[in-house]
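Note that the chains are named A, B and C in the order they appear, and that numbering of residues resets to 1 at the start of each chain.
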Amino acid sequence: MAEPVQTPAGARSLLDHALGWRWALPLFVFLLALPLITPLIGGDFYLGLAARILIFALAATSLNLILGFGGLVSFGHAAFVGVGAYTAGVLLQEGVHSAWILWPAAMVVTALFAAVIGAICLRTRGVYFIMITLAFAQMLYYLAISTKAYGGDDGLSLAARGTLGGGLELANERTFYWTTLALVTLALLLVWRLLNARFGHALQAMRENETRMEAVGFAVYGHRLMAFVIAGALAGLAGALLASLGGFVSPSMMQWSQSGLLMVMVILGGVGHLWGGVIGAVVFLLLEEVLSHYTIYWQFVLGAALLAVVLVAPNGLMSLFRRRGTP
Amino acid sequence: MNAVLLQVDGLMKRYGGLVATDGVSFTVRAGEIHALIGPNGAGKTTLIQQLSGALAPDAGAITFDGADITPLSMHERVHRGLARSYQITSIFTRLSVLDNVALALQARSGGSLRFWRAARAEVQRYEQAAAVLARVGLGARLAQNAGALSHGEQRQLEVGIALATGARLLLLDEPMAGMGPDESERMVSLLQGLRGELTLLLVEHDMDAVFRLADTISVLVAGRIIASRSPAAIRADAEVRRAYLGDEFEEPV
Amino acid sequence: MTGILFLEQALNGLQFGLMLFLLAAGLTLVFGIMDMINLAHGSLYMVGAYLVAAATTASGSFWIGLVAGVVGAALFGVLLELTVLRRLYTRDHLSQVLGTFAILLMCNEAVRFIWGSQPVLLSPPDSLSGPVELLPGFHYPAYRLLIIGVGLVVALGLWGLITRTRIGMQLRAGASNREMALAMGVPVRALFTALFGLGAALCAVAGGLLGPLLAVQVGMGESILILAFVVIVIGGIGSVRGALLGALLVGVVDTAGRTLIPLLFGAVLGPEAADNAGPAVASILIYVLMAAVLFFKPRGLFPAHG
C-alpha cells in the first residue's frame, strides 16, 4: 500500500499522516513474536500486560480521532469503553460465547449510544461540549451502578472469555494476545487510511476553521457525528476486549477519572498525531507497571513525569520525534 | 436585462429593541456586480449573514434562482450556488494555500464519506485548485502556509476559496478591507475579471472601487434600502447624500 | 411530618450548597479570568481538610485547627501557583488538563504518604455536637447550623470583596475581559497569585467544615470537583454570583434528591424501584439540571463574558 501522495505543490502539512513503515513494521514483527519471547522472561503475565497496553492504545487512538483530529474535547469517552465492555459482558453472562457475535455486537451497541449522545452533544461548543459529554458519561456510570442484575456497584465477573470457533479458545493467553494484536492493528490501519482520505481531511479542516468549512459547503454537524460514532465503535471494541481480558466488567470503567486517564494518554502521546494514542498508552502503562514495582507511591512519580512532559514537550511526546510542515 | 438571480423580500431581523434589518428588499441580476454600501452600523454584515444562512431572519424571504432558500442552512445554500467570503479573514492558517482551496473543491465534488482512498491522490482536484489560485494571483504561493501570507494575499485567498465553491453568486464582505492602494488595485482587477461569468454582491466601504466596479449600487441605511440604482443615479441622489453626510461618500476622483 | 422532612432537606441542601460555593467561587474565577482549567482544585480541598484535621489533632481545638489549616492551605496554594501553575496560563486547555491532572496525582500520593490510606478522623467541636431545636419537634444538628453560618459569612465577605473593593473590581474586570484588564494596568500576576491563595483558603474552609461529615481521605477531592464544575457551568463561567446561585441549586437538588427521589419512587413505583432506580436517578439529577439550564441559557445563568 503506497504512502499518501505528496501534494503537487510538494508541501507536507497537518493533513498528511504517514504510517511510518520504517519503524512500524519492525514494531509489528516484534509484537507478533512476543508470545515466543515471553516464556523466557516470565511468561503469560507479560502477554497479559501487552494485551492490556494494546487495548488501551486502541481506546486512546479512538479518542484521539475526535479529540486530536476533530478538535472535540470529549470528557466522556470512557463511557463508550464501558458500554462495549458491558455489552460483551452481558452477552457472555447470557450464554453467548462466540467472539464473532460479542465484538461486533459491542461495536454496534456502542455506535448507537455514540450516535444518540453525539447528536445532542455536538450541538454545543467549547467547555459546554466538555461538560455535556461528561454529564452523559456520568449518567451511564450511575445507570451501570443501579443495574443490580449485572452486578451493580460491584461489577460482574465473567466466567469465560469467549471463543473464536475452530478450536481457538480465547482463554489461551497466546490466542487472545494475537487476536487482540490483529484487531488493534486493523483498527489502526483503518484510522490511518481514514485520516488521509477525504473524511479525515474534512474532519481536521473543521477543527481548524469550523465556520469556513460550513461556508464552503460541508455539513459540519453530520460529519462530526460520523466521526463520533466511529470513535465510539472503536472504543466499544476496546471495551469488549478489556472485558474478556480481565474477566470482569465494572461501573468504575466508566468513571470520569477513566475518561481523564484516556485524555492524559492522548495528550501525553501527542494530540493530532497518528501514533499519539498508541505512544501515550504505551508510555503511561509501562511507566505505571515499572514504577509500581519500585514504590507504592508510584503515582507520585508518574505525576511528576507527566508534569515534566507538559513543561518540556508542549505538544506531547510525538512532537519530539516528528517535524510538522512549514510553520 | 438579465434574469433576476437573487430576490430579497421584506427581510426583518430584530435584536431585542434594536431593528438591525428593517424590511430589506432588493434584486440582484445574473452576471452583474452589485455593490451594497452604507454608513457604519447600517446593518450590512447582518444582512450578509442572513443571505448566506448564518443567521435566520425573523421575517421575509430570500429567493435564489427562482427557489426559496430562506429555510436552507449555510452549506445547503453553497450547494445551490450561493457562497460568501468574510470581512475578517477566515482561512485555514495552518494549512497550505493549495489545501485551502482544494478543500472548497472537495465540498462540491462528491461526498466526504470516503474513508480509504488517499485524498492526495486526487490530482485533478489539486490541479483545479492551482488554477483557481493562479486566477486570484496566488499561483506562486501554493505551498506556503496560509498564515504566512501578507494581509492582501490573504484577502485574495479569501476570494479564491469562495470562488472555488463553484458558486454562481458570491457574497463578498469587504474584500478590500485593510488593503493599501496597490493591493486594492489588484483586487479590483480580479473582481472585474469575474464579471459576467459570476454574479457578485459585494459590501464595500472603498467608494473608489465601488464606483469603478458596480453595475448597480444599493444603499443600506439603518437597516433599510433607501436606493438601488446605477452608480450615476446614486451619485446624484439627494437622499443618499443626506444619509452619508459626506462621510465616506465623496466625489470619486 | 413531611414538612419537617422538607425543611431538613432544605437546610442540608443549603449547607452543602454553601460549601460547594466556596469551591466553585475560586474555580470560576480561575477559569473565567485566566482561562485555566484546574483539575487540581479538588486537591486543594483535600489538602485543606487534612491540614485542618492535623492542626486540630495537634492543638486539641477545632477552631485553632480550622484557622491554622486554612492558613496552611492558602500558603500551599500560593506555593503551587508560583512554582507550577503560572507556567500553564499561556498553554492550551489540554496541556492544562494534563498538568493539573499530574498535580492531582502527586497531591493524592503525597497525602497518602504523610497520612496513610485510611480516613482521618476529624471531629466537630464538642460544644456543637448536639442538636438544636429550631422549631417545636424539629431538631437540627448544631454543627450543620455552624456550617451554614460560616458559609453565609464567607459568602457575604466574598461578595463584599468582589463588589466593594478595588481588588474585587480588578478581578471582575479580568473576568469579563482579560486583555483589556491587562491593558489597563491591572497587576495580573500578583493578583493571580493572591487569587489562588484565596481559592485554596476557601477550599480549606469547605474541606475543614465538611470533614466531620464526609470522610477525610485520599481522593475526596475528585468527587466534589466534578460537582464544582457542574456548578460553574450552570452559574456561568467567571461569575461569582452565578457560582453562588448554581451552588445553592446543585446543593439543594443533589442533597434533597438523594433522600426524596427514592421515597418518591417507593411511594409511586414500589420498593424495588426505590432501591434500584432511585439512587441512580438521584445521582444523575444534577446533570439533568445542568442540561436543562444550558438548554435555556447556553452560557449559564450569569455569564461574565459580555
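The definition used in the following text is that a residue touches a chain if its C-beta (ideal position, glycine included) is under 8 Å from a C-beta of that chain, and two chains touch if they have at least 3 such contacts.
Because the structure is predicted, anything quoted here is derived from the model rather than measured.
The minimum number of touch steps linking chain B to chain C comes to 2. Seen from the Cα centre of chain A, the chain whose own Cα centre is farthest off is B. Think of the whole protein's Cα atoms as having one middle point; the chain whose own Cα middle lies nearest to it is A. Summarising the inter-chain contacts, the pair of chains with the most C-beta pairs in contact is A-B.
Distance from the chain B centre to the chain C centre is 50 Å, each centre being the mean of its Cα atoms. Note on chain placement: the centre of chain A and the centre of chain C lie 33 Å apart, centres being C-alpha means.
Centre-to-centre spacing of chain A and chain B amounts to 43 Å, using the average Cα coordinate of each chain. The multi-chain contact residues of chain B, meaning those touching 2 or more other chains, do not exist; every residue touches at most one other chain.
Looking at chain A, one finds that none of its residues touch two or more other chains.
Contact of a single residue of chain C with at least two other chains is seen at no position.
Listing the residues of chain A that touch chain C in their complex gives 67, 73, 124, 127-128, 131-132, 134-136, 138-139, 142-143, 145-148, 256-257, 260, 263-264, 267-268, 271, 297, 299-300, 302-307, 309-311, 314. For chain B in complex with chain A, the residues that touch the partner chain are 52, 54, 73-75, 78-79, 83-84, 86, 90-96, 98-99, 103-104, 106-108, 110-121, 123, 126-127, 130, 142-145, 148, 161-162, 164-165.
Interface residues of chain A facing chain B in the complex, by the touch rule stated above, are 2, 4-11, 13-16, 190, 193-194, 196-202, 205, 208-209, 211-220, 223, 226, 325-327. Interface residues of chain C, counted against chain A in their complex, comprise 31, 39, 84, 87-88, 91, 93-95, 97-99, 101-106, 108-110, 112-113, 222, 226, 229-230, 233, 237, 275-277, 279-280, 283-284, 287, 290-291, 294, 298-299.
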